[in-house]
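First the structure, in the form of structure tokens, and then the observations on it.
The chains carry the letters A, B, C, D and E, assigned in the order they are written, with residues numbered from 1 in each.
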Amino acid sequence: MATDLLYGLLPEHILLGLILVLMLLEILSVDKRAGSALFIASLLAGAGVLVMQLQTGYTADIVMNEIRIDRFSEIGRLIIVSCGAILGVYSLSSEAGHKYWILIASSLLGAMIILDSAGFISLFMGIEILSLPGFALMVLNNGKSTASEGSIKYLLLSSVATALVLFGLSLVYGSTGNLNISSFTAAVATGGVQNLAASVMILSGFFLKASVFPFHGWAPDAYSSARLPVTAFLASIVKAAVVLGLVRILGNAVLNPEAVTVIALLSMLSMFYGNITAIHQTAFKKMLAYSSISHAGYMMFALVDNTGARTEALLYYVAVYAVTTITACACFSILSGEDDNLDNLNGIFRKKPVAAILLSLCVLSLAGIPPLPGFLAKFFVFKTVIASGHLTVAVLAFVASYIGTFFYLGVVLRMFRSDAETVEQPANATCLCWTWGGALLGTLALALFMLLPNIFHWVMTGI
Amino acid sequence: MIQDLIVYLIFMGYAIAVMAGVATIFTWVERKQSAIMADRIGANRCYLRIPFTNVKIVAWGLIHGIADGSKMLLKENFTPTTYDRFCYNLAPWLALAPVLLVFSAIPFGGTLVPGKLIDPASFPQLSQIMVNFFGDKSYVMQVARLDAGILVILAISGIGILGTMLAGWSSNNKFSLLGAARAASQMISYEVSMGLALISLVVTYGTLDLNDMVVWQSGLLFGVLPAWGIILQPLAFVLFLTACIAENKRVPFDLPECESELVSGYFTEYTAMKMGIFMLSEFIEIVVVSALLVTVFLGGYNLPYLTDAGFVLPMGKTIALSHATVVLVQIVTFLVKVFLIGCFQIQIRWSVPRFRYDQLMRFGWKFLLPLAALNLVATACVRWFTLKG
Amino acid sequence: MDRYQFLTTLAGLIFSLGLLGVVLRRNLLVVMMCLEILLNAVVLSFVGFAVRSQTLPGIAMTFFIYVAASCEIALAMAIVVLLVKRRGSLDLGAHQELKG
Amino acid sequence: MPSNGLLILALFCLPLVGALAVPFLPASENGKIARMWGMLCMLAVLVMAGGIFAGFGTPCLPASLLDLNIPWVGSLGINFHLAVDGLNIYLLLLTGLLFPVVLGCCWKRPETQNNLFVAMALFLEATLLGTFLAQNLMLFFVFWEVVLIPMFIIVLAFGGENKRSAAFTFFMYTMAGSILFLAAVIMMGMESLNQTGAWNFEFAHLMALKLDWNTQLFVFIAVMLACAIKCPLFPFHSWLPLAYYEAPPAGTALMAGALSKMGAFGIIKLALPLCPDVARAFGPTVMLFAVISILYGAIIALKQTDFKKLVAFSSLSHMGYIVLGIFSFHQAAIHGALFQILSHGVAVAGLFLLLGLLELRLGREYLNLTALSTHAPRLAVMLMLFILASVALPLTSGFTSEFLILFGAFQQGIAAFQANAGATMLTSVLLASTGMVLGATYMLRFGRAILYGQTKEGVGVKDMSLMEGIGFIPLLVMIIWIGVNPMPIMNKVTTAVSALGTQPANAQIQPAAAQPAASPAAPTPSVKGGANGH
Amino acid sequence: MDMSPYFSFFLFLLASVGFVGLIVGLNALLGPRSEPSAIKLEPFECGSNPLQQRNVRPLSIKYYPIAIFFLLFDLEAVLLFIWAVSAGNRDMATLSLFSFLFFMGVLSLAFIYIWKEGGLEWR
């Protein structure tokens, strides 16, 4: 019991310790490089522990019906931690003080708590710990006038989402008498007005946090007003954690047909809306936001599945999406600095070919061009959907993804233009080497995902 | 059920009467104190003339309170241009009602068994009626026996801030607004220390129920000392008292309404009895705070060595007392303690100069709060030792 | 309607009220108050169910909800302070530099 | 379970590694080192491809060397399975041949002097090889899509004025085809799941499945759509003029020569074996479209004044023959279609490359060029040879293939007519044969316009240098070899083709296939002389 | 059946409000009828003429940080109340103490941080 508490949650403990130490460092005004190094080191240590747990097939019920470590949570946390490390390396070069690391680490901690939870109390706390630092991150060191505005919008809608989830939870609690995730899943399966209302509320809350179509309003504003590393963070890790949280709740359970219809509809709308709106964007972050809306659609699309392959498909999707987004942002930082106008990319290939090619790969991966991991991820989702007997919607989703290709390709198009006179860029004062590091790490991870698409299947089934 | 209703209605009547009455007396105490401190005679201009005679009852000026009240009741109650008439009118209610309500959780006497109240030897019939009516039901002398009393008190007293804020904000007056802002920030600042000080008490007593706390304090320490909170938690007492005075917005923490700076602070624009309500609420608050202090730190209605059966002295002597006497003694003890503490608070008012705003905040946050936290840590450690050792 | 149903219904009504407030009101502080109303409705619902089923998780949840709510509000206040310093207005309609 | 397909692995990896190595090559003037490196890689591939082609089906090249099978997504039965089989052997050869030729013929052009071009060309080669060799439906799809990326970049980076819209149209148009294609791919995997209990995308496995009519219909439509866009076939051709016109000559040559063949190959590889019943039922309809393509392409070509567009539309017309041949379900016609793939690929690439040479010399002015035979006789001869090959002059490859196609289709038409199944098929074949006449008309007009006529003052065209000429030799050899002696080549694919045509309905006309295949083989020597005589 | 304490609490609530109502009502009853005049309606400025009728802006923003700190620290207090009630459990004494100390440690970190950042300075 005590050992489980210590060992099973060791990554969380490391992160928590990191936060405390960073707070101390901040108070003592220690050089900020120490904090960065500590951050990366802790995340690596956490990842190491997780790998060890995976290798030994460690599982534990740490707090009965509240915190459980199983393979899913280990993989999920590994994804989160690794993405955090990549993001950390990437944001080393931007002026990040201890505060930045504290906030990022807290958010990561929240994400990990979400993935550990087998009960709704810790899940809820995880969600809160995940999102709250995000709002602060958006206004931290942000000279832009729109930062606080975007942040407050995000905060308001996110809080509404929290309230929705909570109200749904209270209804579940009313019908089951406890707050275990397993009993929720069972209750949803049995149906009834109260349970239906509960699942609708919980789902809409999660949809809001994941910016699925009718609940997407905050995403473009929030993403475009934050700094690029923060945008990357919000779009990748926060979203990944929310989606994985939903997976944690629903697991491979089969949803009832009405819910499936609604989810399919919403995810479809999300894909189309995101992809169509993205076409007209001229700012990278806005484009990323709409792309993230459409990707939320794809991720939610996997919930339609009834073959029991949802978890693996989504793990892969989320991991790939998160890493790709971070890498894309890192590449964009290299290419354009903090200015997020897409016109900066015009003809950039001639100046910075490697970064341009990496960005193209990321963007094409997001578009789902084979054999890039983004395609495989989509393929796994579509595969489960079609295998669940929803061919028509799957084809519609293909069409949406096809439409999405337009704007992703637009980015590539800009970079390979040879006729446009390149915009003269302001001298970039900050050292880009860490940004490069982040981009390369991300690329490596993506290459791994591409070569071993089966990775999560192996790990989930314990090979 | 009907018996309960009767008993509790009596309790409520008593509670309100005590608060209003003692508060009125405190207005006199304050005048008198100020006179003494300023070396004046003071509070002697008001008298009650017995009709058709020339006998004037001055009663050391005690009648001043009544005169004040009647005067305010008879004044024109006009409303200046406000931001929000609704809030303006609502504010006095919010200022006074919660203060009264706080008293609901405070036990002002021990266990009352109405059936045993009347000595069957002297009044057999009356006693029989009581026994028939009430049976052997027993009541804790408390308006509402809430098992999370302290939390209720904290919660309800927080509402008072709203009254202050609304009054200041809706008045459309610079002084009011400034007063309200100061009041709000001051009250919430000191509420933190207050809460922490209370927590250390909760750790000591292990309960949130105020009556349980009082019962706990009826025991003895080392066989001799009364086990009062002030002996166990002297620092917490000081902290709590300070915080309470600040909560009351009284000197030395009377920034929100300091006459020399802000006219009357947040209730500058109020007239007649509405102004009176704010004044009254301040004095009732003294009563309530004193009652709270008495309850959690000074053994409440307990007199040392007094139990339900009578006095049990450490040397093994006992003096048996009837139930009615015990109840009476407890009630009187409580009142006396409250009165003394109230006087002490007023004493402070006339002894200490007013803080500046920044001094006040610094004192609250940088001195009181860390001290309260340290006290809590120490309490926790001691608690651990007592549990383990 | 027993008292628990009453509580749930009441909670639902308050929740809808808060939701309406969040959607319709323009003043940032009012919107935040409405957020609090939302969370209070949730707490009411939890407590109601907890009392009905005589179980603990609902009670525990309320504390966590309060923690989360006040953290949210604290953060929101901080951001509002920033916003108002820049813009000098609490009206949401005045903050339209960002258009989705 | 990886088997030892080392040769295939080398074949596939060589250009890929070559492409990846390009950024690390030392910088040189005009990217000479990169070009040399690219050429080296491509030649090595050609050597290997030629070796495989020669050795295929003979005991000296064991089949195990030609079968690379590495699990990729093992749980879903998606393997990295590349192998040489009867159907793709032509395409292997074609790909191996075209790339060095294209690079060699465009040696002096500005685009090839860019490292990016070399890398992309190598990458394209690898992906094309992957497409043709894939033995796993999913892998096939992946390569099918990936091919777009290098081509897209080549058009985008090195194209003409409207390159952006051309590249975009090309990419999006072809992507559109794969929407349903991917659905069909997943459907196939699911069928496997339903029938055998496990996901599997291996061709061999999928072909053994029994699909019901609706599934077949869906898969057929999806595959046909994708292939028709790639080919292109009549209503889906509108990307073609823009893309062919705007791409650099090397790109156009590759697109017309190799990329468009993916469509035809896809039909043979997927549509026929996976959904035989539906393919058979819809054969006449598709043939109709093919005929429309043939005629439409020819007629539009007739009206073109721009040579590049003319060749582009002729390409549309010729691709129609391939589809016609495939859907006649006649062994000879399918042989013909496969030949046409090879032959058209070579011929059209040659034409585009020659136009590229002209463009290099004259810029856009080459459109008004006349009397090339006077200015630059060697160039003129070369051009004429390729024109004749695409006119399908007997003894060139074009003739062999188109003859086989029409022959087979005709037989099938007659058989259908005799079986009272209507004269639609017969009519469409007859119509298609008029396309040959039209083809001769526009091609020869094109030849006349450019080769002969008034010599203009001040127009000097540098004749073809030896270096430039060398590149065209292999293509010519190919054209004439097929035209004169197709049997050895044909034998390579006979097994595979007869496997395609073993449907019961087709049984009685199978024996006829051998005859027409043999007939053009006889007059070998004289043709060679004729060709030299020009 | 005993009366619920909440019922008596509710009664007392009514009584308190009633008490206020009584006072206000008495004033309305006994006091002279209100006759507004220009002087009565203007905001009180110690006798001098007010510069404008509405001379107060909404609350100064500098008070808000205090509200935020209050929220945070009072919240900790609420959590500590829960801990305090259960602190008497003998079996969990050590765990309880250490979790408390940890909690207070984090809290004091935050407190020191606020202090250092100048959040507790006024002026």
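By definition in this document, contacts are C-beta pairs under 8 Å (C-beta built on N, C-alpha and C of every residue); 3 or more make two chains touch, one makes a residue touch a chain.
Everything numeric in this text was worked out from a predicted model, so none of it was measured.
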Spelling it out: a chain qualifies if it touches subunit B and also touches subunit D; which chains qualify? none
Return the chain pair with more inter-chain C-beta contacts, choosing between B-E and A-D. B-E
Centre-to-centre on C-alpha atoms, which chain is most distant from subunit B? D
Geometric centre: closest chain by C-alpha means: A
Looking at CA centres, what chain is most distant from subunit C? D
In whole angstrom, how far does the Cα centroid of subunit D sit from the Cα centroid of subunit E? 82
For subunit A and subunit C, let me know how many angstrom lie between their CA-based centres, rounded off. 26
Quick check: how many Å separate the C-alpha centres of subunit C and subunit E? 19
Just the number, please: Cα centre separation of subunit C and subunit D in whole Å. 65
Judged by the touch rule stated earlier, which pairs of chains are there in contact? A-C, A-D, A-E, B-E, C-E
Which residues of subunit C touch subunit E in the complex? 63, 66-67, 70-71, 73-74, 77-78, 80-81, 84-85, 90
Subunit A - residues contacting subunit C, complex: 119-121, 124-125, 128, 132, 135-136, 139, 145-146, 148-153, 155-156, 159-160, 162-163, 166-167, 169-171, 173-174, 177-179, 217, 220-221, 224-225
Sites on subunit C touched by subunit A in the complex: 8, 11, 15, 18-19, 22, 28, 31-32, 35, 38-39, 41-42, 45-46, 48-50, 52-53, 55, 57-58, 60-61, 64-65, 67-68, 71-72, 75-76, 78-80, 82-83, 86, 95, 97-98, 100
Tell me, which parts of subunit E touch subunit C in their complex? 58, 61, 64-65, 67-68, 71-72, 74-75, 78-79, 82
Subunit A to subunit E touching residues, read off their complex: 20, 23-24, 26-27
